[in-house]
Structures are given as C-alpha cells and as structure tokens.
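A single structure is presented below for examination.
Naming follows writing order (A, B, C and D), and every chain is counted from residue 1.
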Amino acid sequence: MEQKLRDGAKTLLEEGKVDYIIGFEPGSLKFTTTPLITKNKDDVDRLVINPFIKNNLSVFLTELKGRVGIVAKGCDSRSIVSLIQDKQVARENIVIMGIPCPGIIDLKKVELLLGRDRDEVDDITRDGDKVVITVEGKKTEFPTTKLLFDNCLSCESPTPQEYDVLLDETSPLVTDSAASREKIKTLEAMPQEQRWEFWKEKFDHCIRCYACRNVCPACFCKRCFVEESQPQWVLPVPRWQDNLIFQVIRNIHVAGRCTDCGECERVCPVNIPLRSLTKRMYEIVDELFQYKSGMDKEAPPLMSHYEQEEAEGLIR
Amino acid sequence: MEQESEWEPKLLGFLCRWCSYAGADLAGTSRKKYPANIKIIKVPCSGRVDPLFILKALRMGYDGVLVSGCHPGDCHYQTGNYRARRRIVITKKFLEYMGVDPRRFQASWVSASEGVKFTEVATEVTKELSEIGANQLFVDGK
Amino acid sequence: MATSSKINKGDLGELLKKWSEEFTVFVPQQEDGKAILAQWDGTDTSFLEGYRNTVKPSKANFFPPMEEMFRFQKDSEGHHIEPTVSDKHKQLIFGIRPCDAKSLAILDMTFKDLYEDPYYLPKRNNTILVGLGCLRPYDSCFCTSLGINPAESTDVDVMLTDIGDQFLVEPISEAGKELVAKASQLEKATKADEAKAKEVKEASYQKVTRKIDTGGIKDKLLASFNNQDFWESIAAKCISCGICTFACPTCYCFDINDELVKKQGARFRSWDSCAFPIYTKMPMENPRVEKWRRVRQKVCHKFEFYPMNFDTIACTGCGRCIRFCLVNWDITQTLDKLPV
Amino acid sequence: MTVADTEQRRRFLANGNVYLPHIAVIEKIIDETPTVRTFHFNFKDEGLRQEFTFESGQFGEYSVFGIGEAPFCISSSPTRRDHLEFALQRVGKVTNALHRLGVGAEIGFRGPYGNSFPLDFLQGKNLVFVGGGIGLAPLRSLIWNVIDNKDKYEKIDIIYGARSPSDLCFKYDLDSWGKDKAVNMVTTVDKGDESWTGKVGFVPQILEQVAPSAKNAVAIVCGPPIMIRFTFPVLEKLGFTPEQMITTLEKRMKCGIGKCVRCNIGNLYVCRDGPVFTYAQIQNFISSEY
C-alpha cells in the first residue's frame, strides 16, 4: 500500500496534477509520524502508512494555495467533505488518496496500560484484532479495542467514502461503541451540578494554547471570537471561566462540521477530555436533525439549512 | 451573599424587533403586567443571536436568558428564525449536557399581537428562575 | 569541593517534613501517570517512582500562566491603584532536573535586565531548589548538547544523586550549605559514595543520545534569516498553537490585559506565544502574518537573539517541545537542516 | 543612541514597581484630523508633576483602566514643560477608548521608556526631518527641541506628508515652522483637494525632489512602515550612509521594558533598545521584520 501511495503521489506531482502532496512520514520519535507537506517529488519516497498516522491532515488544506494531493483516512475524508460543503476548498483542487483505516493506536492508552513511557517500549505491532507490544524483550498481546483511540471505536466510515484513489481493499475495523462513549455515559449519569463542577475543574487546567482550535479542520475562521477585542467576549487569559466559554462556543460553532475525528482531544497537552464534548454535540446534531457531518458533499451545511418543522417542543 | 428574601432573578431578553419586541411593547401599553426582572435588548431578528451572547450574559451574572422571535414562517427576513431555531436548540441541549439548568436559557415565539403571551412567558420564566435560585455558574470556588 | 553527605531513601520523608515547617515544599507528584509540580501532600515519597520530568516546566512556580499585577478602582476622588501583594512565602522545589534549573538561570537574565521584574524576582529569591539527577532521560532530550549533564547542576542550592539505597547530597550554594547543615537526617558520605555518584553522572550523560551542533549556530541563523524557502519548508507543518511555548522552560513572552467589573478592575499578565498570529498584530500592520516568520522568530530568539543579548542559548534541551508537539515539529531537525 | 542610565530609568517608578502606572489627568484635547487627537496631560501627583523629566524620542505606556494599555511617544518637547502631550490615531481597542475620554478624565502613565534622539550627535549638523501622517508626533518633540536651541544646529529641512490635506497633523506647528526662517518646510499630500496649493506626491518622491545634501547631515525619519521602507533607498541615493539615517519605530508592545518580547527586530527590542535606531542597527532585519 505504501509503495502504491509513493508511486501515485510521485505521478501526481510529475504530471502536474497537483502542486502539493500532504501525507505522513516517519517522525523523530518512536511510534510517531509527522505530516509531510511537499512540492518535491523526491520527498514522497518518505511517505508511510502505519498504525500511528494520527493527524487529521485536512487542516492544512485551507492554508495551501493550489491543487493538493492528500492522504486521507476515513475520518479525514469526512473532514474534507465538510470543508467542501462549506466551500472552503473546491473538490476539483483536491486529489484524495484514500486509506481504508483499521484504527489508530492511542499511545497514551499504551502508556497507561504498561505504566511506562513510549520511548521505553521496544515495539508495537498491529496484527488484526490483536496488538503485540514488546517491552524489554518480552512480548504481550492486547486486544486492539483496548488500544485504539476512543473515536476509532465508534468509527462510522473507516474507509473513505469520498476519494480519487483507494489505496487498498476495505479492511475490517473492530469497533466498540460502548467503550467509545463510556466517558459520556458516566457524565450523563452525574447530577447536573456535578457535571458543571466536572467541567469547571477540567477547564481550570486549560492553558489556552489553542491547539484544539488550530488543529481542527472545522475551525477555519480567519478570525476567532476569542481574539476579538471590540467587543471583548472573553479575556485571552487562562482562567477557567474564559476557557470554558471558549470551548462551549467553539463546540457550538463547529456543530454540523465536527466529524468526531478526535483530534482536539488527542492534542490537548493538559488532557482535557474534549471529545466528551464534541462527540456529544455530534450526537445532539444527529438526534435533532438526523444529520451526520461530512457524509455527503452535495448536502447543504447544517447551519445554513432548515426544515419547516423540526426540533419541536424546545421553544415555548 | 445576598439575602434570600431580597434576591430577585435577573433575566436578559433578546427580542426580535419585528415581533416579540413589539409584543412586549403591546403588553406594556395594554397594561398587562410582566415582571420588571427582565431587561430587554432589541435585536433585528432572532437569527442575530449568537450563542456567545447567551454565554456572555450568564457570565455577566444574569440568572437566565430568553431569546424570542417570530413564529416559524413569519420571519421578516424569511428564514432568520428557522436558522435561529437550529442554533437555539443545539445550544440548549449542549448546555444542559454540560450541567447548566435548561431553565436558564429559554426561547419563545411571540408575535407582535401576542402581548398576553409575552406576559405569560416572562412571568413563567421569572418564576422558574426564582425556583432554581441565583446563577452561580461562573462564580469561583466551591 | 564541598563535603558531601548522604541520606537513606527511607528517611527522605522525614527530611521533607522538616523542610515543610519552613517552606512550602513542591514535589513532582504523579497524576494519571504524569508528573506535575505540586505541593507535597506530606505523606510519602512514592512520587519518586517513575519520575522522569514534570509536564509543565517549573517556570510556572515563578511566572504563572496567569497572574494579577494590580487592582484598581474608581470613586469620587478618581482612580486608586492597589498593587497585588506579592506572595512572601518561601518555597522549596524538590526534585528539579538540571535542565529546568538551568532554565531558571536563563529566565533570571531577562527578568533582571534593566528593570527588575517585581513579580518574578521576589518568588525566585524566596525559593530553594533541591535538584535531583536525571537517570532516565527521554529520547527527546538533548541537554548534553547545551552543556548540561542530566545529573549535575550548579543552578540549584542542593544537588541529589541516586546512588542506590541513598541519595548523595551535595550543597551547591550558601543557602544550600545552610540547609544541609541543619538536616539531622544526613550522614557523611564516604569516598565510595562519591565515586558511585560520579559513575551515575557519567552514565546519565551517555544516555542522552539526541544531539545538536551549536557551533557557529548564531552565524548560520543570521545568514539564513532572509531565506524564505528554508523557513517555509520548516514551518509547513506547524499549526501555530502555543504548546511548545507553554511547555518550554525558557519561553517567557507574556501578554497584559485589563478587566473591569462594576468599577472594580484588575490588570493581569498571562503567558503568550510568538506562534500566535495576533501576537504582533497592530491595528494597521502585522509584521508576522505568515507562519514562517513566526517559526523563524521562535528559533532565532532562542539560538541567535538571546545569545546576542545575554551570551547564552535560551534552550536547555529538555525536549518538551519535541515530546508534546502534536505534529512532531522537531527543533533539533530544524537546526540540523540549517543551510551552512 | 542615547540610552538613559539605570538610575534615571528607575526614577519615576510607582511604588518601585515598573508595571504600576501613575495617575494622570487630561487637560486639553485637540482634534488634529478626523481620526487623530492630541491630548495634553499632567500628573495628578504634585511632586511628580514638578520632577518628571524625559528626552525627545522617549515614549510612555498609557492606560485606560479596564480597557488596557498602549504605547505612544511623548509628542511635546522637554524644552516646553508645563504639561505633556501625546497624539494618537483611533485604530484599536485602547485608542478608541482614549478617544472617548474628555478633559478631566484620568489615565494611567508609565514611563518614560526607551532611548532618545542623540542630541550630542545631531548638534552642529544639518537636520533633515522626514515624516508621514501621525509619524510626525515623535519628530515634533525633537523639532521643537531643536528650534528652541537653534544656535546649536545648522540647517533644518522638514518634509512632511499625509494622505490628504485633512490628514495632516499638527497644522498649527506646520504653520509656525513654515514661518520660521531657520526652517525649510515642505508639506505634501498623496492626493490634494480644491483648496490644496502645496505639493502633491508621496513623501519619498518629494524627498527626492527636495534632494537635501548628505554633507554633514542626518536624516530623521518616522511614518508608517511602508513610508519608512521607501524612504531609506531614497536617502541612500542622496548619499546618506546608514549611520546618517535615524528612525523611530512603532511595534505592538505590552510591557514597554524589553521583557514581553513581541516588539523585537532581530535581537533589538523597539521598547528597550529603541524606539530610536540608526538604519545601520536594523538593516539586517528590517526588510522582513518591519
């Protein structure tokens, strides 16, 4: 699959069909990949596909000028579709090289499970529904569902629905939707006040690095309300009240665009369970409007459309 | 701490100028009494209300927020209130999930001729806010 | 060399308890498998198990993410300003790594420069640093390239080295000597203990495998300053978040903001980052709209401008920016690729 | 450049804390253009009012309490010291708030900060002032300073321009400089109107026409970044060396004392090492950083 990708990407650049290729190359740390964004056809030999290609590369589409060939997992392709729906990118300017994705390994889960950091793990190998981890020469097997990212566990389209080239046959993804929304279930079971206290405490840790926003393909505004000073909606200081409002509004602003790719939670340096917000919003949108983001590039975006009769009973 | 007996809920209303604002006006001129607890901001359309306004009002210490616009189908700008509806219900559901009492953020459709309905809505919302007590959402500590 | 002493690991709790009488003691507490600098709970020393380095750098204890500078209010006579009372309590940071101790020495230069910073320095002067040699550097660490031995430091008051069942205790500063002299839990170290510590330090040094070449780096950066193609290629995958800045023990950019509620107000300072486009934005102009200019600023500030101003590279090789970067943007690779 | 020594820098700290502002009161407001205003102010504290000194080129951090702080140069001359002045264009949060203030309102002031124009170096030389728009404010402090000590300087050229006649600042000064025999005053606008009789053209073009000699001369330039960028090449053409070109720069600033970093040009901080620079100091970085 990797060779097919490299050859395809090289051809795209050589034939002038795209100006840029966006994909993954090996990172500088163990079990890490890093985005490769290049115009140079010699670079594409570094492209890789492995169980650690966690980034949602579609975030780079809105900042590159020209035509782009992009490597996309199922969730990434949904983000691309959503960007097309919002007219942020034009379909004809993108060549999607689709990867049927069997799920991405969450290194934080590996670390918690083993009680040691990733750089002290020798090897992690994916073998179907098992993951074999080697530590100090000793191999241990774990069920894949214990080690995939939460959002992978409820993935609705492991294989891209929108693509120009599909690099492999569809491969099965083992999901566990109950595990995927376990944190949400716990929250829903709490009394109302306790839920608010939970989020207060979480957002007390926020340092306002804006990684969650900057990495989100759905957060494509050129100017964000948090940076507005006239009027000053929230202060740009890491205080829980301002942090919390920032995140609530961000979630509302991306409702109908968020595809539950999980990137915001993955990148949070202070481990705020952001997906417990985005995933719930994703569900609310589905419950109220039977709408799933990034599934149909011809569909009007959620917030610029309406039905005559919907969402009854919530307004007096 | 404010004394329980002195405390009165403060409600911020964003009212569409074409209908609910006129409705509130009608309630006033026809001497239908609605609670003085509501402070009204006139907006060109319920579609103008960004969920940010709601959060900002709660942050500023209002005990509740009411958004009121034209009945579905009656929008002066054809579709403003339909769009508002999607935004409002999403915000309402989401805030509830986060732990905000759903009674703190309410919405209603009130036409220019419904002075009575406006009085009812304002009275009921104020009553509900009295029941749930002062907004402590953004207060430090606990 | 000052005479060193040692302490049994089992007696460390007693020593921390003793110190708690005089200081607020901060230790690297474990939380969800990560170490964070937090006030010692006064019970045990299990926090040392598995401790490598804290997620947040220790600068937060001196230069917090957000800090009130002063309050103001208005009455009939006009405005009144009330400086925020600086915290006078003495703190002791236990277990700080040599890289982070060095970073404080680097921050001191800026905060002492021309005008003394009235928020950072009092906290700094009220602090005792007890260093702990690092035996398990991460694969992202490159401190040795910046002249740091992970298990040795002159930027602390007292330095501890793990020699098996005991820690070798070396007083470094005058305050450190005083502190050690008062501690009854210590006993005199033997020649063998000192030899063992030396061995540990050498072994630690060897464990740091990531390297950068700092030779002529200032000149290389100056020569590449206007090389837009280079900087664009380096910056391509950056997503302009503040993680590397906030995780960095030597980054100190800050923002200042006011808040006014009902005639009562306060001015705050808070961490800021050169990665944010708004950082340099003026109403009519912004000299760093493009991402490559911001990435260049970050690299040049640490490896070119800081050395020009203070004769020190503003990087300690702690590796946090590499570990936490969500796209694995790696400063060591950038420096490697610098055109000669 | 003339850098104040540490002693002097620390003289006017409020409570010994460099971040605390002094309270000052606005005494007079002059509308310069539709978007630019000059404020005359004085300290509320009687003692400070008497003691406070500064040099031409230095700036202060001005607070509107509850809104924030912004840096502006002191636009009056230290030779005329019954009050202080600053001028600003209404462009952002703080400047808008300042424009909403009336006479008698209180503001916060920290300073003076930064270096100043090198008077020792300028003495005995021909001075060429090149200003654009609100950029005249810092030059104005120096121009009055020079005019009040006329015998110490040689020829004075002032080339000043703005977008339109209504955008010219300090018209009252332009008039009195125009009448001063020691001064060659040239005013230009990018686009004139019916009543405009002066020159029309961008400042760098007019500078090229006026063509002041570089011999024993120093050019002092301040204006919008675009004007500064185009003025240096013209001066070079006229034979000015990088050491003979002085500018005063503006950047986004917060602390004003070289700590918060955002105003750097290379290793130099506009607030700490500037705002006054020779072109020689900044030419490596200015093309891409300003």
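For this structure, a couple of remarks:
Keep in mind that, in the parts below, a contact is a pair of C-beta atoms (placed from the backbone, for glycine too) under 8 Å apart; a residue touches a chain by one contact, two chains touch by 3 or more.
Note that this is a predicted model, so its numbers are computed, not measured.
Remark: among chain pairs A-C and A-D, A-C carries the greater number of C-beta contacts. Centroids built from CA atoms put chain D at 50 Å from chain A.
Each chain gets a centre from the mean of its Cα atoms; for chain A and chain C, those two points are 31 Å apart.
With centres defined as mean CA coordinates, chain B is found 35 Å away from chain A. Among the residues of chain A, none is in touch with two or more other chains.
Shared contact sites, meaning residues of chain D that touch two or more other chains, fall at 92. Shared contact sites, meaning residues of chain B that touch two or more other chains, are absent. Here, these are the chain pairs in contact: A-B, A-C, A-D, C-D. Put simply, chain B touches chain A in their complex at residues 51-52, 55-56, 59, 72-73, 79, 82-83, 85-101, 106-109, 121, 124, 137-138, 142. For chain A in complex with chain C, the touching residues are 27-30, 32-38, 55, 59-60, 63, 111-112, 115-117, 119-120, 207-211, 214-215, 227, 235-239, 266-267, 269-271. Residues of chain A touching chain B in their complex: 187-188, 190, 192-200, 225, 233, 241, 245, 248-249, 251-252, 255, 277, 280-281, 284-285, 288-289, 302-304, 306, 308-311, 314-316. In the complex of the two chains, the chain D residues touching chain C come out as 6, 9-10, 13-21, 23, 44, 63, 65-69, 91-92, 95, 106, 108, 224-225, 250-252, 254-255, 257-264, 266-267, 272, 284-285, 287-290. Against chain A, the residues of chain C that register as touching in their complex are 32-34, 50, 52, 55, 65-66, 136, 138-140, 236-237, 239-243, 245-247, 255, 257, 259, 268, 270-271, 273, 276, 278, 291, 322-324, 326-330, 332-333.
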